[in-house]
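After this come two complexes, each holding subunit A, first together with subunit B and then together with subunit C.
Our next item is the complex of A and B:
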């Protein structure tokens, strides 16, 4: 029993020291050729503050849908408020013509697939997936 | 009819230029096109202490909103509104129809019919009541604000790498409606704004137009022509119109404020007319907002185009958001109207439920 306790404690310490926590998010982007990438700029695309990559190529933002488990977590990390308010913000921005309509997807797997297939796509996910080698990935602290 | 007052700029060449842009656009349609559609509508209930022409119950303006991408750099936006014949002459109206070409990351070109970028309200949420902070548009929208323009607009959001944005628009003018550059360039809009993020925007603009044959061609909509034009020589001729506007929008965790200030004058003479709209909202929680509003328009007696007098509206309201697509607003207001021969002191209560899908 005591052995199992020490084993669990050791695993927890290893995870903490490696920086991997449940709240960490991954920013993934399929950056168009010729475009500069920076974390700040990618965040501004995800917040709807900006619309395009370099050269005027439109960013395609993928956001968690209301069915997604990460709906509120991603909104909180990105904007500091709830998923519902995030969707209201994006609805208003699309209506004003300031941004491209975002794509709402139900799971990390769907988002990764969308970003892989769509040049200019950018998104936040909660867990790394295999075969994301073609994408830029950055760990985002909450 | 064109008097010497009107700028003698007949840039008819702009029409082939616009056609050329559309041809370039057609050649660039190489990406997968996309289309998004939204529908907005609302219903209102109204009661007041005095008799007014406003209905007790009303199905308000509805709008079909389409956005989409035509290629990597080209996108379009269209907004068509519908209102039953009782409330306006045209049942169906094209409110916006424009294509946008993104020159690079921070600058773009727009061609077509747009909301004139003179203030925050008009640039952000003109027809979708779901997004309005209060039930009604500011009073100045019924009179002074050139809501739509048809023309060419160059805009950006990062001048010299800062958060300063700009808009420069060459328009066909209020008198020509949707007929693009029918008399060349008649209106000019210049706007500067500062917006570090979507929660804060400060903007200032200058707008200038030539109102052609102003006695017969009211600004927008009917009933705006001054019946008390002081200067007979100014009747039935072209006059200049100038509008200077300032807006500030701020959304915080607890409060949202929107300030719309503007001054204007026609015929380049006399004192400026004034318009003030102030909204302050307190977010009780994510779905409930309590707010106060103050709205004032004052037209000086020397004005030659708009009816002189003072009109104001102030009160308190509550907004409840049901999910993402529905809001209910309730306002209790005082409205005073002393335009022309009117002398109205009115207490009003109004409710509005608005939808967007």
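Our next item is the complex of A and C:
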């Protein structure tokens, strides 16, 4: 219990230091034709458990870079550990060939733009954008 | 197996070469190839590790995993089974971050130090993370690759072995075997075997040339052999004809010699016998006696000349025939001494005998020949010695552990001696030391030549030493097998000795003698000589007459000439043996001028008891009649 308390505290501090308060995350995806979207499947793509959409098109995961404010938050949300560790995970996955290499972007805007421009792209962002009408958006509780 | 064969001479170096090639192909080349491949792989691993390190650097520093993904794709497409591992952290505290292939969950740090892997590593270092990239490659795969590459070498080696065996086989069949056949053929040609059929082999190589040359050689040899055979036949024919001619010539010569001997001896017989009769006639005057004595010496010299010529002629054309018989050496020397004494009776010289011989020394040798040699030497010494003496030295000594006797004889004189030049030529036929027209001594110069030939036949040699003014010594030694005398030998010797004594002691018996002789002169001489003895002589002029007399009248002795008209003495002997008539058991003797020892032997073999040779002297007739008287008395007692 005590451990969990310190862990929650640390996350809150991290969020406060970044000027972002704890908020809902949005899962955005540019689902390719012939593929069905589901949150679980999209999550498995983001965790690196799967490489392709169910229609066979390769998934292009966009992740926040070290410069991004959401670097650790998204890692925490998706995998339950830090952004650095997530990067090591994705290094291992790419190295072993199980996934396509992710694209690291510095901001949500860059991520949204990338997802909109890339068929099969999928990502997590913290703020909704006005021009995401073409994307599937799912709000994910932190 | 002939190690000098060309097959082995070529095969052994080739086999050694093959072994070296095998060593190279099976061990050295693969090892070097493996090392080269490992070096190449090692270099590639190093490049790959550097590339992965750069990719890791990009991934951590710039968050760009694209290059990493591309390398992964590259590795996935690579079928060599490379292993790649990324470690984070400081050296010796490194933790495995990622490994390829992904399925290789067992990959751990121990692989890095394993000798089973080729490996290369490159570090990367960013402000966020640092570590090393290892690229590994299983060495067994390099070896497998090497083996795949060297497999053709093994095949090549096998092919080389098969080629070598093929070369051996062809070499043996096509080169060595034909060479051996050619050598055998050459041997056969060398041995004169030219008729063996040759297997025809058509070859256009060097061996074909050799075989062709051998065929040509054989053909030429055949032709040469035929030519030689014809030549040989021709020569043999000529030799046969010449041999026949030569035999006829020799036969003619023998006939001539026998004839001339007979014709010379027959009148000489009359001369000597007549002179003997005159010389023993009590009524002869002293002056006439001297003349008769001169005539006797001349006649005897002529007889010796004839005898020596005949003997030399016989020895020249035939080998000296020896007739070894058991001899008591002392007795033989004594007999020789007795004869020599007679020679010296009417001489101013003295004959000295020095004998050192054991009376028990008997030996097997030809006593007649030894006597002939010694009497010849003694006669020569007497002839060439003016004053002083002639000495016969004789002694025997056992040798060869008593199985043999060495007989040593020396005839020494006190003559004028012989100079060295004459010594060197002594023994040459017809050579005499003094060949001047006014030479003092008579003779043919054949005596020593005959002596030398007889001694050579006995395995001995005449040794001559001489000093001018002091005299000469003629010596020889004979090694003869010792005769271990038995009682019968002694008895025989004793009987003979006794007989000799009896001969001397008893007079000649009144004997009835038939004398068959065609020569009237010889009949007269025999009649005249027999008048000195108490014998009755019946004369017949031919063999036929003699046979008729034998059939009708009893005689004590029969003496016949050999060479007579119509029928010879041998014919008479044959008739007598077939039908002795009134003379059964009577002895028949030959009396002939055909007096070679060969003829005498032949006559005795034919059946004559003994042979009297013409010219027959009164002394010889006396001895003969005395011996027959003794025999007659013995037979009468029996």
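Note that in this section the second predicted complex is superposed on the first by the 120 of 142 C-alpha atoms of A that agree within 3 Å, B and C clash if a C-alpha of one lies under 4 Å from a C-alpha of the other, contacts with A are read in each partner's own complex, and residues count from 1 in each chain.
Everything below uses one rule, namely that contacts are C-beta pairs under 8 Å (C-beta built on N, C-alpha and C of every residue); 3 or more make two chains touch, one makes a residue touch a chain.
Please read these numbers as outputs of a predicted model, since none were measured by experiment.
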>> Going by the contact rule stated at the top, is it subunit B or subunit C that touches a larger number of residues on subunit A?
In response: B
> Given the touch rule stated above, what does A:65 touch, subunit B (first), subunit C (second), both, or neither?
Replying inline: second
> Touching A:97, do we find subunit B (first), subunit C (second), both, or neither?
Replying inline: both
> After lining up the shared chain so the two structures overlap, which partner does A:113 touch, if you call subunit B first and subunit C second: first, second, both or neither?
Replying inline: neither
> Now for A:84: first (subunit B), second (subunit C), both, or neither, which partner does it touch?
Replying inline: both
>> Quick check for you: in the superposed arrangement, does A:48 touch first (subunit B), second (subunit C), both or neither?
In response: first
>> Per the definitions at the top, what is the overlap between the subunit A residues touching subunit B and those touching subunit C?
In response: 84, 87-88, 91-92, 94-97, 100-101
> Which subunit A residues qualify as touching subunit B in the complex?
Replying inline: 44, 47-58, 80-82, 84-85, 87-89, 91-97, 100-101, 120
> For subunit A, which residues count as touching subunit C in their complex?
Replying inline: 65-66, 84, 87-88, 90-92, 94-98, 100-102, 104
> For subunit B, which residues are in contact with subunit A within the complex?
Replying inline: 34, 36, 38, 65, 67, 69, 72-73, 75, 77, 100-108, 123-125, 128, 130-131, 157, 197-198, 253, 286, 321, 323-324, 356
> How about subunit C: which of its residues touch subunit A in the complex?
Replying inline: 56, 59-60, 63-66, 68-69, 72-73, 75-76, 84, 86, 88, 97-102, 128-129
